[in-house]
């Protein structure tokens, strides 16, 4: 490579919604990745002997077709690394498209860093050599959630409600089978599916929940559906824990506010209050200083970047095939000192998981500047989160 | 004669364009345009020519596309064997079948009744697509691979450029067919029924049957567009048949100009470009797009094509040159105004300490940037208001038939 | 042989009877006028015959076939064309297209989407001829909605006669036309309906008495007289219900 | 079971009346001006956001008055400087205009208020359970919603039937010149109607915002359902809009409350099927699952069998 | 009462009125005659403010050029257009109600009086205007305008489509209206009736007034009649 080439930035395409209804998460994701790149690498002299990392946001409008269009744009511009994560449908479309593209155009390959899409199938039946997932998949999260429920002796009836699509259904199915294994005495008194984004008022559903006599609720709802459900439960005066995956940040925490206090429990892999790691505190403070209205919702973006950079330094370049090989079975230590392992077999990462509660007590780092935030109650170490791989990976030749 | 020349030009443009814009991205955008044009033209068969305002045209596009993907899957699984060049036809036929069924009850009436049935049917089918997972694949959609069919003239369609030429061929064919349809008795009666359905019945035509015919053809061509989509993206999702897609095609046809055959073509090209180009410069592109729509509807009621066609009279009168200077004079303050407004909007939206708009560095925290931009915007606006009357005068002059200009006091 | 036969026709809107027990025979080739006071039900009668309204009871036979309660387009296809009292044209289509559309069915094109209009020589020549006949050849490319009122009336007439139907129903064909235009229109009507059956409603008595072979007087939905013009003129009941003294004045003018 | 039924009825009533609040404004505009106002739900959203901002400074009650007025004024301005211009180019143009407007308003809201959900709350004064039945609270705020909706119905009904405004506007849609020739200031009336209609939407937003959450997608959720109501009820019929709103509110509420579905039906009929049957998806459908799409089904059926809607007199 | 001077009007590029001038006094019936398409209806529309003119129109010594239609109507000019333009979806009674300028206020005319004058309308008071017979619509339109209590009423072809007997009736009605002090500008095709009831007549040709006189004079001016009115 010529001298000039060596100074070119390493460009990363961040393909996520940047406009429309789903833009909020895509936008903070972009800012966080960019911030992490600057904070950890660019400000310290870059990588691969001085090359800067440049993150380019490409708007996929939350659509599979637009994601492909943006993928083609990224490829046209010679980009070899693609980040995406919002929505499993989009992620799986992108994964398929990248797999095909790399097969049809071996000289223009790209690697896919999935930072948030949790459908198990992405590292299961549909796993791809080019796809790496940095979030735990929903079955693992459900495993943690049910383990936590299992420790609560006062829970005997559980109501499951979710959005009517694959993720919502997967949550329901997993909850039922896992609860049956861990606490056979718990009765699942309802397993309801509602159309996604269509329900105006959840009170009718809450009525059913009340009538069922449930003393805990499990839901995979996110976005507006989560807020509306939380509100309706509080309005009806139903005082039972609600187990969720996505009930925080992007206005949700602020809107749930008092209504969700000590009701909402969240499974996640990004450590919340109390934060003990100095590195993490400094990172969070620096981010807040730059973007006061945003929250640091996905610290695993930093972890993923760390792995990527390690792989680059190891291989001395950015060739996606080499990067992918290098990342397999890589282990890095994240900001809070836990080890994250990228399993080579299916490109699924493993890390500790947490169950936290929505509250305004003992919150140092709040969400939405609302005073409310997450306080961790329960931690599951990495080894307990590891599940079998069902991936039969199709490994390309160099 | 002119007609044949335009068709030839059209064909040449289709062939040459990807040789000029060669990147993967541009080929992909061209591909998208082909799809959008067929779709928008099919929509205009309904609204522009048949007077049927549909809020659910994406249904036929989407259903055709889904069927096309299933056909791809069937080829992949070796249940069927035919060339993927015929995939759009599969989509078209399925769109036609869907239109046959839905049209059988929805074309009874035009106007609001038709519009609302199309809305209801659209919502129903979009919602069912999430429920009927085996056909629609839920929110993840269905995806297929276009490269499994027998090669066609040695092409296996692995590359986008091959798909482009296939799409362009279909586009050309579909456009010719749709144009010819407007020249047939059925096509002309569609216009008549749009104008006055009652009178049409008294000259021997069942308004319902006439609408029905337009409707199924429109469904057919929408299905072809869906099939092309399936070939290009190899995936169809719920989004391809929901209200957003239906709304989009309505906008394309309208912005382009409903009253003209080429209107939807213009609209499809412009909107595709905006969609794929503007969105890369700013995440406020939807805001600008909305603003643009509203302004177009207000000031160019006959769409972009209508605006161009307005220049036919001065052209025939040989007075087009009279407009050049006033246009230029208005364009200067106009573009400065638009530009400074864009800067102001972008600045108030920005998360970043400084950023560039078309090469200008702006600092949202500095009063200087704000003040300067606001003053520039105001000045440009005043200048614009000053120049508009002279443009209007020039326009009147250029359109006046009399030799003495300005007869009208 | 009567080409059109109405038998015991009744029509009511809600509870209001408009047509009460109308029976009438119209012979093939006859020029028949229907006159009567405003609101007598003349236009309603036309609407019944041409399928715009359904009949409440009774029957209508055209060429021996029952046509009541059939949709307008089926009746039109049998060879029964009409014009409207309130102008009813295709406002956005050009004058030329208005006429051509009116010709399509009778020239056998039906719902064809495999014929090109531009190639249909006979159709286009016939359209041109008709344009000349109704005097609108210079306006041929104008959208019909932009024509002056009287021109629109002429076009209305043109659409009605275009198909060359065996029987033509004209509802106040010359209303709104000036004297000279009315005269031209009458000539035109005479020319194109030669050998055909014509039924018309008209308030201009000069024209009625000039043109009609037979006149039917409709008052409050009932036929009070149906006879040759000379007898009608003298009929006292008709004079009282409809004509007033105006007839004399007109005949003098 | 009985508690589910009672609450389902209450919920249906609340949802229905809320929908009516929106539908009333749309009926007004739709029937009187013939404008299919696609942006209607957007004005509703604006109402909620305005009220949110105002309530931060002045509290809920002033917002209840000020926000709808602001929305109404905005609506009137949009009519004056936008819609009126477009009116000349016909209904489709008007529709596209409001369509673009809906787009624009949604984006503008995101621009000014951001994309995150807003913490807009009901007033403390009404923040208590009105009664508790079978362990479930019925918030006082919902009773307040019911009260306002009924007040709107009575008020509008009076204005429409006891004044000439209604007929003037109806006539002016088709014959603006003639109405002007009779001495009525048509543009002013149109502007007022649009203002009042959008103001009503704004009011609905102020009231619904705290219950249905205030976020940029709130217009989309309600956008087409309002049309469904207005059409099912019959164009231009206020009573029809009320009946249709309640019908849809109750229908959805009961559908959700019910636990029946195809499996029950099939079991009842004694039919069994394989789990991998191609129509498996259909055989497994339950009523609650399809509840939100029932209105569209109803819409299509009503239009096929009674194109003028339940209470509609005229067809358009 | 009404003074029109040097009135010009255009439709797009075509110059329709090319300097029209005439006047109408209180209680007077003035006819505007002429062939089809000479611009008589356009004159009426122009006065009503529907067509943008240049020139001068004084109504009760007030310039009304440039005013909006409804303002002109409020000043007291009523107009019965040639295309009838009744409101098809409103009932006969509602049509008449709409004619009133305010819901209260006294008018020289009441709905009952109208129904007495035209029993046809009375019978059909609650039927939608759109289903009326052609002649009934014509009557309704005239009554509606009267309901607004205008001081000047412009009537465009009132007798078109009316049965001969009703034409007589309309003539009498017009005379009665005039007798109540209302000025009438009558645009007519049928010379017979125009000559019978008018006080003065104007003849229009090619967008200009080409003749002015009393009915008697016009009856005798065969030259004028031949050139501008008949064939």
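Letters are used for the chains, namely A, B, C, D and E, taken in the order the chains are written, and counting of residues starts over at 1 for each.
Note that a contact is a pair of C-beta atoms (placed from the backbone, for glycine too) under 8 Å apart; a residue touches a chain by one contact, two chains touch by 3 or more.
Please read all numbers here as calculations on a predicted model, not as lab measurements.
Visitor: Touching both chain A and chain B: give me those chains, sorted by label.
Guide: Both-contact set = D.
Visitor: Which one of the chains is farthest from chain C, going by Cα centres?
Guide: A
Visitor: Count the C-beta pairs in contact for B-C and for D-E, then report the pair with the higher count.
Guide: Contact tally favours B-C.
Visitor: Report, in whole Å, the distance between the mean C-alpha point of chain C and the mean C-alpha point of chain E.
Guide: 29
Visitor: Taking each chain's centre as the mean position of its Cα atoms, how many Å separate chain B from chain D?
Guide: Between these chains, centre-to-centre, one finds 30 Å.
Visitor: With centres defined as the mean C-alpha position, give me the chain C-chain D separation in Å.
Guide: 48
Visitor: Would you give the residues of chain C that are in contact with at least 2 other chains, written as numbers and ranges?
Guide: none
Visitor: Touching two or more other chains, which residues of chain D qualify?
Guide: In chain D, 110, 289, 292-293 touch at least two other chains.
Visitor: Among the residues of chain A, pick out those that touch two or more other chains and give their numbers.
Guide: Each of 23, 27, 164, 195, 198 in chain A touches at least two other chains.
Visitor: So in the complex, which bits of chain E are touching chain D?
Guide: 48-50, 68-70, 73-74, 78-79, 81, 85, 87-90, 94-95, 97-101, 103, 144-145, 148
Visitor: Show me the residue ranges of chain C that touch chain E in the complex, using the header's touch definition.
Guide: Contact set of chain C toward chain E: 13, 16, 35-44, 85-86, 148-150, 172, 175-181, 183, 203, 205, 242-247, 249-250, 253.
Visitor: Enumerate the contact residues on chain B facing chain D in the complex.
Guide: Residues 47, 53, 105, 108-109, 111-113, 115-117, 119-121, 123-124, 127-128, 131-134, 243, 247, 250-251, 254, 258, 284, 286-287, 289-291, 293-294, 297-299, 301-302, 345, 349 of chain B touch chain D in their complex.
Visitor: Please give the residue numbers of chain C that touch chain B in the complex, ascending.
Guide: By the definition above, chain C touches chain B via 50-52, 71-73, 76-77, 81-82, 84, 88-93, 97, 100-102, 104-106, 109-118, 159, 162-163.
Visitor: How about chain A: which of its residues touch chain D in the complex?
Guide: Spelled out, the residues of chain A in touch with chain D are 21, 23-24, 27, 164, 192-195, 197-201, 203-208, 210-211, 223-224, 227-228, 231, 235-238, 250-252, 254-255, 257, 293, 368, 370.
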